[in-house]
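Chain IDs A, B, C and D follow the sequence of writing; residue 1 opens each chain.
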Amino acid sequence: MAQIRKPIRSQMGWSTRDRIEVQGFDLCQDLIGHINLGDMAFLEMTGRRPTQAESTVFNAVLVTLVEHGLTPMALATRLTYLGAPESLQGAVASGLLGMGTTFAGTTEGSARMITEALSANPATATAALAEQIVADYRASGHPIPGIGHNMHKPIDPRAERLFEVAASQGFSSRPIALMRAIAARAAHVYGRELPVNATGAIGALSCELGLDWRIARGLSVMGRAVGLVGHLMEELRNPIAPEIWLRAEEESHAHYQHQENGHADS
Amino acid sequence: MAQIRKPIRSQMGWSTRDRIEVQGFDLCQDLIGHINLGDMAFLEMTGRRPTQAESTVFNAVLVTLVEHGLTPMALATRLTYLGAPESLQGAVASGLLGMGTTFAGTTEGSARMITEALSANPATATAALAEQIVADYRASGHPIPGIGHNMHKPIDPRAERLFEVAASQGFSSRPIALMRAIAARAAHVYGRELPVNATGAIGALSCELGLDWRIARGLSVMGRAVGLVGHLMEELRNPIAPEIWLRAEEESHAHYQHQENGHADS
Amino acid sequence: MAQIRKPIRSQMGWSTRDRIEVQGFDLCQDLIGHINLGDMAFLEMTGRRPTQAESTVFNAVLVTLVEHGLTPMALATRLTYLGAPESLQGAVASGLLGMGTTFAGTTEGSARMITEALSANPATATAALAEQIVADYRASGHPIPGIGHNMHKPIDPRAERLFEVAASQGFSSRPIALMRAIAARAAHVYGRELPVNATGAIGALSCELGLDWRIARGLSVMGRAVGLVGHLMEELRNPIAPEIWLRAEEESHAHYQHQENGHADS
Amino acid sequence: MAQIRKPIRSQMGWSTRDRIEVQGFDLCQDLIGHINLGDMAFLEMTGRRPTQAESTVFNAVLVTLVEHGLTPMALATRLTYLGAPESLQGAVASGLLGMGTTFAGTTEGSARMITEALSANPATATAALAEQIVADYRASGHPIPGIGHNMHKPIDPRAERLFEVAASQGFSSRPIALMRAIAARAAHVYGRELPVNATGAIGALSCELGLDWRIARGLSVMGRAVGLVGHLMEELRNPIAPEIWLRAEEESHAHYQHQENGHADS
């Protein structure tokens, strides 16, 4: 037999014959019909139901993350569904796998940057902290997570809206202030527009809500899972994956046939 | 160049410099701060915001699907996180891949059974339809999706609660009646308790809400994505994947060492 | 404590301080440097090393499955890599998820069809068996797996080559004969060219090699995993995922901007 | 219409009516029956067939990576198959997702370390380079990839065997020498046994073979895809996933029932 080093414990949920318990609540009596999916997500992540203010802010964050149109993730989901329509879960998983450093990573990065700075220097003034952070990133050569956007200029309207919702619910403490100060300082130092973007705002709000930065990417994953199911619904009505596939294949193929016929054009 | 057979079109969303549009709504003005994640999911699947009644029922369905404790999916997610902590999206995807025919498939199956029966025989009485469906399944040798449960007897409390929520919001039309009639008829024919289970209730409710049966599995995927992020949050606080791994490996290994030492015990 | 219903046993492999055992072999002394990846795959699936003839046929099957150009799977892998370059394993997994019923399913289907027919009717003549199978499929309305191809006509050159390799190694028994007879009978009954295609040949060869039909899809998965890593190598040198993404997004977006400016063109 | 920034080109393969071309070869005439899966993988990654020496070394590397017994990845694959047996590709993908920084990342790390050191300092003596690398890692606080093993001491037999195979085929140039020198220097500086391990040897050999370090993780993915199909074959014969699941669930559940009955034991 195997040695037992530690017991297997989980407090997420369990069932008996006539009762299903989730996070210490009775699923049927306390949750079904009384709580929305966003609040359920908060409960899963924190072990308690959100206050009204937390619910508003947390749902605002998740709603921001659901849909961004024909992203690489949405295309991967649709192309995978074409090959394995029996396995919708595989198509959604395929798209989620693209929620990596390029996209979701910046949410994680800004949440981490803020958490570590405030925890290491609780007594330092926000402006001084921002100055130090920007200097450190500049010296390292790495980009500062959560600021700047190639399309949304001079501001990212999602960031402004998220900060507005947070303020209306009483969330405007140091994480948001620090994120704003970092953006302002970076714009000054680099000499160009570098507004807080959506991922920076979400990183700051996840700190305001007390969430561990290591789970920040999970916010993107939960939101986007919803969006990718939406894309499959549209793909069912009006498939575009076959067209994307055939155009790519034919464009590449035509080039080589052309070459083989003696027309070397590149 | 590739031939163009049909245009690439998507109405899910797009962005310009100062505006993000999702399903025809202004994301910042109409949705962030005004809608919860469950209603956003409804919008993604149908192209319109739910009524209050639809919101209550749809969120009830999703909330039911989030958490079932230490399922095979939750274990896969935790084990994958152990190997690739840099890629939280991969750990969630790993668990979602187990939402197949064994679990989520029965939601899909019951939604399909109800949709096809009501669409092929709109004028047949519910009892007669149920009788025919049970007879057909019995002849085929396949189990009827959405009825019976190995633990929750004589009723599945989630199914009863979901039907109660639906009735309170005015959803009690033919899909629910047919699902109940099938369960009653099957119990009679097979001579044992076969209550509508949670997946049967969800299949019926997704028909009540007018959703395509081919996307029913997507409800499970959206709900469970939330739950699997929750499991990773617990795994961060109290890891159990290393223990599960080491026990399995050692138990198997000990057996073979024992054999090699001359003690062939199986 | 949990009840123990059955012991956890695996014979795949284990390690001690100075020895790694795989399938009963010493990995370092018996396998590394002595066996190629295809033969290792055979060992993993059967628990023994292949004969020279089995090695030739099994590697031929796997090699056939590696590369098919810019398939939906290859595109999904490349698009996922764009979003999560830190997680190459996620990009390959994303593409593998499209190896479903549309593509790999026909290998599984033909292996199953042949296995079940020969096991249920060992004494029936091949021609009579083929006649019955074609009649059954025709009555059911389902397509016969493993025959016909939309591009490769009148023959699929891969199928002919695989049968040729099999024959050269002494594999030409009932599975291959039955697969050929089914194709011939179907062509006669349906009145059009329906040659054995690559997936039909691979299904037949996996029966010749004694593999369980339930693992036939695994042959596709192993081969294609190799091919998808190859696509990532090319994507590193010459990225096409960004271009595929931007073209799709812009084509869809341009349409809606056009409409919003008063030009409703569809 | 979308703007075209660059053409879509791939040289991996394409098909016409009677010919399938892969990497410039005729699949049926040149590859099927003439090449094993490992050599096909080399062709996919480099665009050319390996020499005999390259084939021996490259296959040795891949064979090393196939099987490690009941790893977290193998468990994830088996648990996923339990939930979605219709989707073998999903079960393999689920396991591959665990090939992240904890395991495959060290192959990537050692390949990168060697490539960058030799490319930045081609004229520096190996011993001096190793000294500098160990000093840099020590200052950074990060572990050196590819050395040390918690079980295989004082040497990792796979590393020694891989170097032996490489030497027998004429591959013993600077990457291997540098990897060995780093391990020797680290053992000296840290004052404990830190032999080159299997991932360090594979990182060095992938440099000897001229492979880009960014694709080194792909070697693990290709090898392990084969191994995970093997685990599913064993799971079909002798399922252990249900037992692992039920034990975990019951152990956790029993604890809470015990607590609810007034016996708070932890």
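The rule is simple: contacts are C-beta pairs under 8 Å (C-beta built on N, C-alpha and C of every residue); 3 or more make two chains touch, one makes a residue touch a chain.
What you see is a predicted model, and the numbers here were worked out from it, not measured in a lab.
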The chains touching both chain A and chain D are B, C
Per mean C-alpha coordinates, the chain lying farthest from chain B is D
Given over half shared residue numbers means same and under half means different, the chain B/chain C interface is same
Rounded to the nearest Å, the gap separating the Cα centres of chain A and chain C is 34
Expressed in whole Å, how far the mean CA point of chain B lies from that of chain C is 29
Cα centroid separation, chain A vs chain B, in Å, comes to 22
Among chain C residues, those touching two or more other chains are 8-11, 14, 69-70, 84, 86-87, 89-90, 93-94, 97-100, 240, 244, 247-249, 251-253
Interface with chain D, chain A side, in the complex: residues 7-11, 14, 84, 86-87, 89-90, 93, 97, 247-249, 251-253, 255-256, 266
Counting only contacts in the complex, chain A reaches chain B at residues 1-6, 8-20, 22-23, 27-29, 31-33, 35-41, 44-45, 55-56, 59-60, 62-64, 66-70, 74, 87-90, 92-94, 96-100, 104, 151-153, 155, 157-158, 160-162, 164-165, 168, 212, 214-215, 217-218, 220-223, 225-227, 229-234, 236, 238, 240, 243-244, 246-251, 254
Touching chain B in the complex, chain D uses residues 69-73, 75-76, 79-80, 82-87, 90-91, 93-95, 97-103, 105, 240-241, 244-245, 248-249, 252-253
